[in-house]
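Take a look at these structures.
Below are two complexes that have chain A in common, paired first with chain B and then with chain C.
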Partner chain A sequence: MSADQFVQYLVSGLTMGSIYALIGLGFTIIYAVTRIINFAQGEFVMLGGMLSFYLISAAGIPLAPALILSVLIAAAIGAIMYIFAIRTARRASVVSLIIITIGAAIFIRGIAGVGWGVEHVRPPYFTGSESISLLGAYIHPQALWIIGTTLVVVVLLHLFLSYTMVGKALKACAISPVAAGMVGINPRAMALIAFALAAAIGGIGGVVMAPSISMDFNDGFKLGLMGFVAASIGGFKSPIATVIGGLTLGIVVSLAVGVDWGPFTSAYKDAIAMMVLLLILIIRSGRLSAEERES
Partner chain B sequence: MLRVENASVAYGRIMGLREVSLVVNDGEIVTIIGANGAGKTSLLNAISGVVPLKSGSIWLDDRQISGLPSHKTVGLGLGYIPEGRQIFGTMSVSDNLTMGAYSECARNRLSTVGYIGWFLRRSTVQSNLETVFGLFPILRERLNQRAGSLSGGEQQMLAIGRALMSSPRMLLLDEPSLGLAPTLVKEILKLIVRLRDEGLTILLVEQDATAALKIADRGYVMERGRISIEGTAKELLGDDRVRQAYLGKSVA
Partner chain C sequence: MLARLKGKWTYFVIAALLLFLILIPFRWFLGQYTVIMIFIGLFTMVTVGLCLLLGYTGQVSLGQAAFYGTGAYISAVLSKICGVNPWLSMLIAAAATGAFAYVIGYPIFRLRGNYLAVATLGLGVIVYILLRQLGPGGPDGMAGIPYLSIGGFVFDTSFKRYFLVWFFCLAVLLISQNIVRSRTGRALRAIHGSEAAAESIGINVDQFKVKIFVLSAVYASLAGSLLAHQMSHISPGSFGPLVSVIIIVMAVIGGLASIWGAIFGAATVCILKYELLLGFGEWDIVIYGLILMLVTIFMPEGLFVRLRELFGQWRLRYAQRGAEP
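For the complex of A and B:
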């Protein structure tokens, strides 16, 4: 691999990694507040991407409002999912709730498939498609949008969690829902906010990535899986750890695809991600059970 | 102020509380003593709404509060300092105190979303903060430290301070002296008397029965989920059964 190629793969790794980070953030937020792993997280990404296409092309809404509307609708669907699927099962164990999220994912995917059909869609690029040259690599403007949006989301999320009452209440609830209740925080309201926020961030991911990779109703699962790997690398701990996890995953996959593996082709991209996940889980499982014993 | 009537709590098929009735009047310190597992913590959890009642009722003034979850009872003036303190360990001391005022801010829905600096400048929150610093000057010095890095005594002060941030009328304290050095235990008990003198009503669960009865007006003894003996603190200190079982004194 030449130096130019290396930079090129690095850039595409950062781009994909940003997307994985955005998806992973949703997993981390919901897990922190409710201890639920939300397997419908990828569907919010799919919804964001598909909605933006149909709002722009079918409803003829201008780009910027269409993008915002797509994200808001995804957030609303996240909130609805919490209210009707998770909160109604109030006495269920966390494991049952996780299974419910899988059901919700299949439901959302099914509705999207029936409503939108099976064809791939590709919304327009935000700002043209003239690549910018940097250090011998070509960067597509949409890649800059993806990386920039991730950066903005992470900074805003950090400010929200550190400087607002609701943000701190979310953190308090993540530390202990019982103690949070004792100071007047309603853990269920926090769970609702966590689901809406995670769905909104997932929607943002879908909206910025859809012009680069075309999307269909069935893409949510795969994207969700990548986000889950990103969150796992970060240990489901903090937003920052998740972003680092996402970027690491993106770069590892991208570079691995760039290497000439002989008979193994770049088609094994997803397999590489799963291998990373397996490695992480094997390394982590020892440490996790040690932590559990401590607490 | 607080009235518990025939309250029962069940954990699955195990009864944590069996038809407990008690009264705490305005401005009193009432203590509950009893062995481990007698149901003292269950009683406080039931009052604050952490665990639901199976039967019976709980009244705060003339309002029935049984059935309300804990985040609602805080807003009605019940401050709960749970066993093991339950501070937010990975958050700063300042954030812990801020969260203590959450119910205060939830009264005005808009301020829940609000920017913390603006919220803290509001007069009730600001004066609560000054009260807390007046009682525990050390917390002012530790404001930016992680709560989990404080010593046991400081964490207990923070737990009490956090509860005071909600402008409570009544405090529920669960074993505040647990794990503290004897001098600190005295400090905490003195503080409880001081809080009462400033107008708070106090329900205190304590393992050190002698110390608790010394500052209390009245007391209840719990045994296997029931109240077995009740009386003024003086009566209980003089009661043979209490002396033998809980005060570590043999009866002459």
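For the complex of A and C:
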């Protein structure tokens, strides 16, 4: 692999890594506040991407409002999912919650498949399609949008969690829902906010990535899994850790696919990510199972 | 008196159900449903394994389709490419899949709850990608897998295969029922209740989890091999992550902790998929999603178990009313 190629793979790794990070943020937020792994997280990403395409092409809404509307709809669906599927299942076991979020995931995916059909869609690029040359590598403007959006989202999220009342309440809930309840924070309201926020961030991810990789109703599952890997590398702790996890995953996968492995073609990309996931989970199993026992 | 009456009643029901099962594939009865019944039998085998793991032991696996797939592919490759006898290849496939589950089981079952779910999901994705990339025929799958046969008797029609599959299916159900009612079954339920308590009374928790995981993998492998030898064509699509989710749907409908409910769960899903919603696009997964959410929220013990309870209450009321005057 030459130096130029290396930089090129690094750039594409950073781009994909940013997307994984955005998806992973959704997992982290929901897990921190409610101790639920939301298997429907990837579907919000799919919804964001698909909605932006259909709002622009079918409804003829201009780009910027269409993007914002897509994200808002995704957030609303996240909130609806919490109210109808999660909150009604009071005192459900971990296993039941896993099954419920899987149910929500395939429900959303099925509705998308029924409503939009099976074809791939690709919304227009935000700005131009002429690649920019940088250090011997080419960067597509959309890739810059993806990386930039991720940075902005992380910074805003950090400010929100650290400096607003609602953000601090969310953090308090993440540390201890019982103690948070004692000081007058409503854990259920916080869980609702967490679901809406996670769905919105997933939607943002979908909106910015859809122009560079075309999307269909099936893509949510795979993207969700990648986001989960990103979040678990970060340990489901903080937004920053998740972003570092996402970028690491993106770069590892990109370089692993870039190296010439002979028969090991890019088809193994997802398999590599899953191996990373299994390794991390198994290495950390002692701590993780203690955590699960506590909650 | 009541107990004896109940006993007689039970034997009568079992005999009637068996007769019904035997008669289904005959053309003058429900012959047109033979192929669907074969699928119901195969999926019942996979679902029962998951029920033992999920319902009795309380451990999630979102990767059961992986074992179904390795069973099918190992058996297919051995019998078609290496020329091994199909029965022997089925046996080797089951042993290899079981060994695989055993090796992967110890590290994976150090995880719990959410993390276990994701780890098994990841396992399913890896196996699916490997089947697609390394399996003969790639994404299109392989054809021309030899049929099973005994002596000169070849299982070459669905009529014959129906009996083969349901023989295996009933055997798996009976074995599982015995396990559930044995010391092992009580140990599994203890683990479900509280791992710490189970451990404190001398149950080797990790070992039991792995054992049941291996058993469920072997069930799935057998079902996969049977599928390969009777479809004579298999493709990786039949063993993807969505199939693992569909197996969960079957277990949830039948009742997670219900051995015989597995038939009901498998039947509901197969009839939905291959009869009622055939050609309706993605409506089947919309309905699976709804079922997963509604059943888990409102009747966590499972649709089948809930219906059986309602039937029991109705019979009790009926009996009381009869006794009053």
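In this section, the second predicted complex is superposed on the first by the 287 of 295 C-alpha atoms of A that agree within 3 Å, B and C clash if a C-alpha of one lies under 4 Å from a C-alpha of the other, contacts with A are read in each partner's own complex, and residues count from 1 in each chain.
Just so we're on the same page, a contact is a pair of C-beta atoms (placed from the backbone, for glycine too) under 8 Å apart; a residue touches a chain by one contact, two chains touch by 3 or more.
A quick note: this is a predicted structure, and the numbers were derived from the prediction, not measured.
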item	value
Partner chain in contact with A:Leu278 - chain B first, chain C second, else both or neither	second
Which superposed partner A:Ile175 touches (first chain B, second chain C, both, neither)	first
Which of chain B and chain C A:Arg109 touches, first, second, both or neither	second
Contacts of A:Leu225 with chain B and chain C, given as first, second, both or neither	second
Which of chain B and chain C A:Ala64 touches, first, second, both or neither	neither
Touching partner for A:Ile98 - first (chain B), second (chain C), both, neither	second
Per-residue touch tally on chain A - higher for chain B or for chain C	C
Which superposed partner A:Phe217 touches (first chain B, second chain C, both, neither)	second
Where chain A meets both chain C and chain B, residue numbers	none
Of all residues in chain A, those that touch chain B in their complex	163-166, 168-169, 171-172, 175-176, 178-187
Chain C-facing residues of chain A, complex	31, 36-37, 85, 88-89, 92, 94-96, 98-100, 102-114, 117-118, 217, 221, 225, 228, 232, 265, 267-268, 270-271, 274-275, 277-278, 281-282, 285-286, 288-289, 292-293
Sites on chain C touched by chain A in the complex	54, 58, 60, 62, 107-108, 110-115, 117-119, 121-123, 125-126, 129-130, 132-133, 241-242, 245, 248, 252, 281-293, 296-297, 300
Chain A-facing residues of chain B, complex	48-50, 69-71, 74-75, 80, 82, 86-91, 95, 98-100, 102-106, 111-117, 119, 162-163, 165-166
